[in-house]
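Two complexes, one shared chain (chain A), two partners (chain B, chain C).
What follows is the complex of A and B.
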């Protein structure tokens, strides 16, 4: 009773109202509009049922390809980020000179806009770019190519750039997990004759489980929402091979097909929510 | 070799390996920095070689004078600055009440905010709401949308921190006759300083780097921040990499300075979830 008097709910209201009007209402309204033929060319909006969704899943259109690309992007980039991030974290989890500075360098891309990273790499990965120059200088001329203009290498290149950007973040989260492990565990286990692999398997790995969960969730959510980096690296090309859901949301919005665009946004929204909740449900109880 | 020698040797190897691999991160930045000092012909190849025809500053002069970079810097600072102020104050007020009350309604609000960490934004309908409120294309419009996007993460971060502030402190101030406004702004908010610094830095960076929101919401280039200006520049200057690089360097500079000064707080913020599990 006394709590109600002191901690007045109106103190919560500014945040809740702004968040409600400018985030939640648009998301919910978007779900509603995804069942309409809302279009910039047409004055009236009519309910059309699932027609936009049928359009999305029609194999004649490229939307299915974008959905597939988004999933490939999300899964492979998440695995890459976690793998390399973990390696780096294990590397940084011991003392050596200039360690702080180096860690700062590896984490730096986190602070930089994906759009700019995309622009920078569109030059690095160009046919006459720095990557090809480096490859030729070490005698690997045979694999040089226009990394982003070649249909088979475009999507893997985009994924690699994304991994490059986020290794640092994954590393920092893993490091926080590693630093919670008491040195004494290792000492005790070594005395009992445990080898390096056994130490990793039985001490490090269980302690890292929470950080793996966090990284997995962050990487998945981030991956499904990908937009900036694709816009600046390939703009969906060559020939739709790197098109993702969000680039189509923007494209259909540009064409004025708002109903369809909302259906695509709603689709990612639902998929993201389901995946995030499932990961939380499946993995979270094991941590305890 | 003695044990000590062996340890020093291992440390040296680690440092060397670490520096060698750091080139993977550093080379792209080096390319941008070097080419920003080259003329159009030389920068066309975007190579790592140093400028042969002299280091020139004219790219920077041109983009600042003609490219509206000062205006863009002002816009970015205004939008991110205002966004941070509202976002942090409102989020910490909300986090405080949610943490102290813990009724069904309050934990429901908490989960609503949590959903905002996961669900993607719908810009098309957000734009409709801004139009309806006559806020579309205004500074107020983009600031308020950015505040809405920042609230979930900031509330979450601050909520975790408030857990450590004993409730006895509240009781003591209330006995001294403070109401919630005095209690929060004079007692609690100052104690939140470590986490508000972290939340401020992270919100500022994500707002400054945001590309999608202004892309959908701001149609007038007069209000564009630095990121959208870079994008626009890159679109119509695609042949003049020297100038594009200069624009990129100017855009990265403020954020890298912030990153270097605030690294400790950024890491603390990004790992607070991992430590809690």
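What follows is the complex of A and C.
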């Protein structure tokens, strides 16, 4: 009886074939090519073992800086997006006029192309841009600067734009989680004299763990894959100050060093998988 | 069943007929309906190119489809297209060693037997040759980088165009005191950081005649030439002295700002090639020579002009299905009257074909005078793996204090060593 309700295995085949051809084959081929000297200058491809990976970790090259920047970007942007996303979700999880409209406005940046955001913020954060004009008008001229061209503020500025862009998605996921919590828990706890902090700590937070896990994993994967927002805002500059792994993947590909480019991609792919699996392993068992 | 088969056959024949109709009509009129695809970067195709393409279509029926790509991604996209087998019919590439990027053995058609090749000047023939064969139709002038001066501002200082590092520093100090930014540097376009050091190439090649030979091998290092370090140190000193202006400002300027910024009178000079100043010169049709002149980059004792050896050219993809049509297009472009028209629309100083009536170019004249006719090919035209973006970024890292001049040279050598290693 039960068996009849299960679809035949062959129904899986179209999805599996597409997944195999368009995802697994390129990934496996990429890993394979990362051990070769594949390049645009010579037609023949030679196996070179770990040489491309040795180049990545050679301190004379700038790849280590890009790896560091990628991790800084991932951690800080994830914290910012989750923190602000949660605050916004808590704020919007109650009824008030224009609530739906405001939710939509906060979500909108996520729907805009990173390239457009890059172009807009390049002028907002320029030395003669809107941000500096506002700061000057309120007497904060001393902190004005070229936000994307000053080497100490370039990476934080890129991270801030990324947080602004993705905060809406985090908010929506948290809102979905919040709406799953039965109001009776809060009523019962309030009758027992629980304050707002106690309600958040003992009811909201445990029930939100699945949403936190999802946001954490999505933000980590997105952060490690970062490319478009950096390219459009700073192109890795000034100098190499804001280079991340994927801007170097693009750069090495442009130089025609396809093997090295694949080694960098493989590295970030493996790191992403390890972090995502660890996050699941650590947080998932604690979910309510 | 038979009826169904018959109707299918008839439908198929009708569809085939309608598809082939254009070709039949075109042939009846003696014209082709082929479309040739031409890959170029967005900046490279001008009105003159489009006009000539339209006239060619009118004459032959062959359409020209310019496929434009972002400047900084052009090479990647074209190489990917060629490698994937859906390559374009014609593509632009740098003459000289620049063609090595595009696997010329596989993709560049031998054009040595074309009529127009006999009208090439010697230097045109030289820069269009790869492995003993002519593979380029090149219609552009030799170009290179020098410092363009706002002559109104220079005259106010009572100084001449500097010919030594000391004179350049002295002039920059005067400009600084007058509130003029001495040098416009488009730091947001990192590649521009690499063109400064291009200008020491010919000077070094004269001093070390085997330099290019050595730098064409994995053993050759920039660090072996002490003038490279001196040049980099002096350039660094100028940046630290504030001759580019405020760091955050010059890092936000782009190459596209150049005409507006130089015309504003806020900047004393900038490093540019001649062709890039077309728009600026056209603003002063009567007295351009009084307004703008160019000088050498006199760092590390440099007193010669390094040029690109021949600029961009067009190549026919050997694997194209329309090789004959592409040859017709090249024939058309290389006609004497079309070359003259193409040249007249530019402000370039020369063209690699004989029989063209040349016009005066004030910037070229001033550069030739400054170098006393001592000129030669730069690094990019002469050695492999001179990566503009990577070198430019290394220089910018030096200018913002993240690298020492020694580390810049070391980085250039490391990057080249890595590429030699990968391709050995």
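Just so it is clear, the second predicted complex is superposed on the first by the 273 of 288 C-alpha atoms of A that agree within 3 Å, B and C clash if a C-alpha of one lies under 4 Å from a C-alpha of the other, contacts with A are read in each partner's own complex, and residues count from 1 in each chain.
One rule holds for everything that comes next: a residue touches a chain if its C-beta (ideal position, glycine included) is under 8 Å from a C-beta of that chain, and two chains touch if they have at least 3 such contacts.
Note that the structure is a prediction, hence the values are computed from the model and not measured.
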item	value
First (chain B), second (chain C), both or neither touched by A:37	second
Contacts of A:152 with chain B and chain C, given as first, second, both or neither	neither
Partner chain in contact with A:273 - chain B first, chain C second, else both or neither	first
Chain B versus chain C, judged by how many residues of chain A each one touches	B
Which of chain B and chain C A:142 touches, first, second, both or neither	neither
Partner chain in contact with A:126 - chain B first, chain C second, else both or neither	both
Chain B versus chain C as contact partner of A:253, first or second or both or neither	both
Touched partner set for A:111, first chain B, second chain C, both or neither	first
Chain A positions touched by chain B in one structure and by chain C in the second	126, 253
Partner chain A, residues of chain C touching it in the complex	73, 75-76, 79, 100-101, 103, 106, 187-188, 190, 246-249, 251-252, 384-385, 387, 389-390, 393-394, 396-397, 399-400, 402-403, 410-411, 414, 418-419, 421-424
Chain C-touching residues of chain A, taken from the complex the two chains share	37, 39-43, 51, 55, 60-61, 126-127, 145-146, 148-151, 235-241, 251, 253-257, 259-260
Chain B-touching residues of chain A, taken from the complex the two chains share	3-4, 6-9, 11-12, 14-16, 18-27, 29-30, 33, 91-92, 94-99, 102, 104-117, 119-121, 123-124, 126, 128-130, 133, 164, 168-169, 172-177, 180, 210-211, 213-215, 221, 224-225, 227-228, 231-232, 246, 249-250, 253, 258, 261-262, 265-266, 268-269, 272-273, 276, 287
Chain B residues within the chain A interface of the complex	10-12, 14-15, 17-19, 22, 24-29, 31-32, 45-48, 86, 90-91, 93-94, 96-98, 100-101, 105-106, 109, 112-113, 115-126, 128-129, 144-145, 147-149, 151-152, 155, 170, 174, 179-180, 183-184, 205, 208-212, 215-216, 227, 230-231, 234, 241, 244, 248, 251-252, 255-256, 258-260, 263, 266-267, 270-271, 273-275, 277
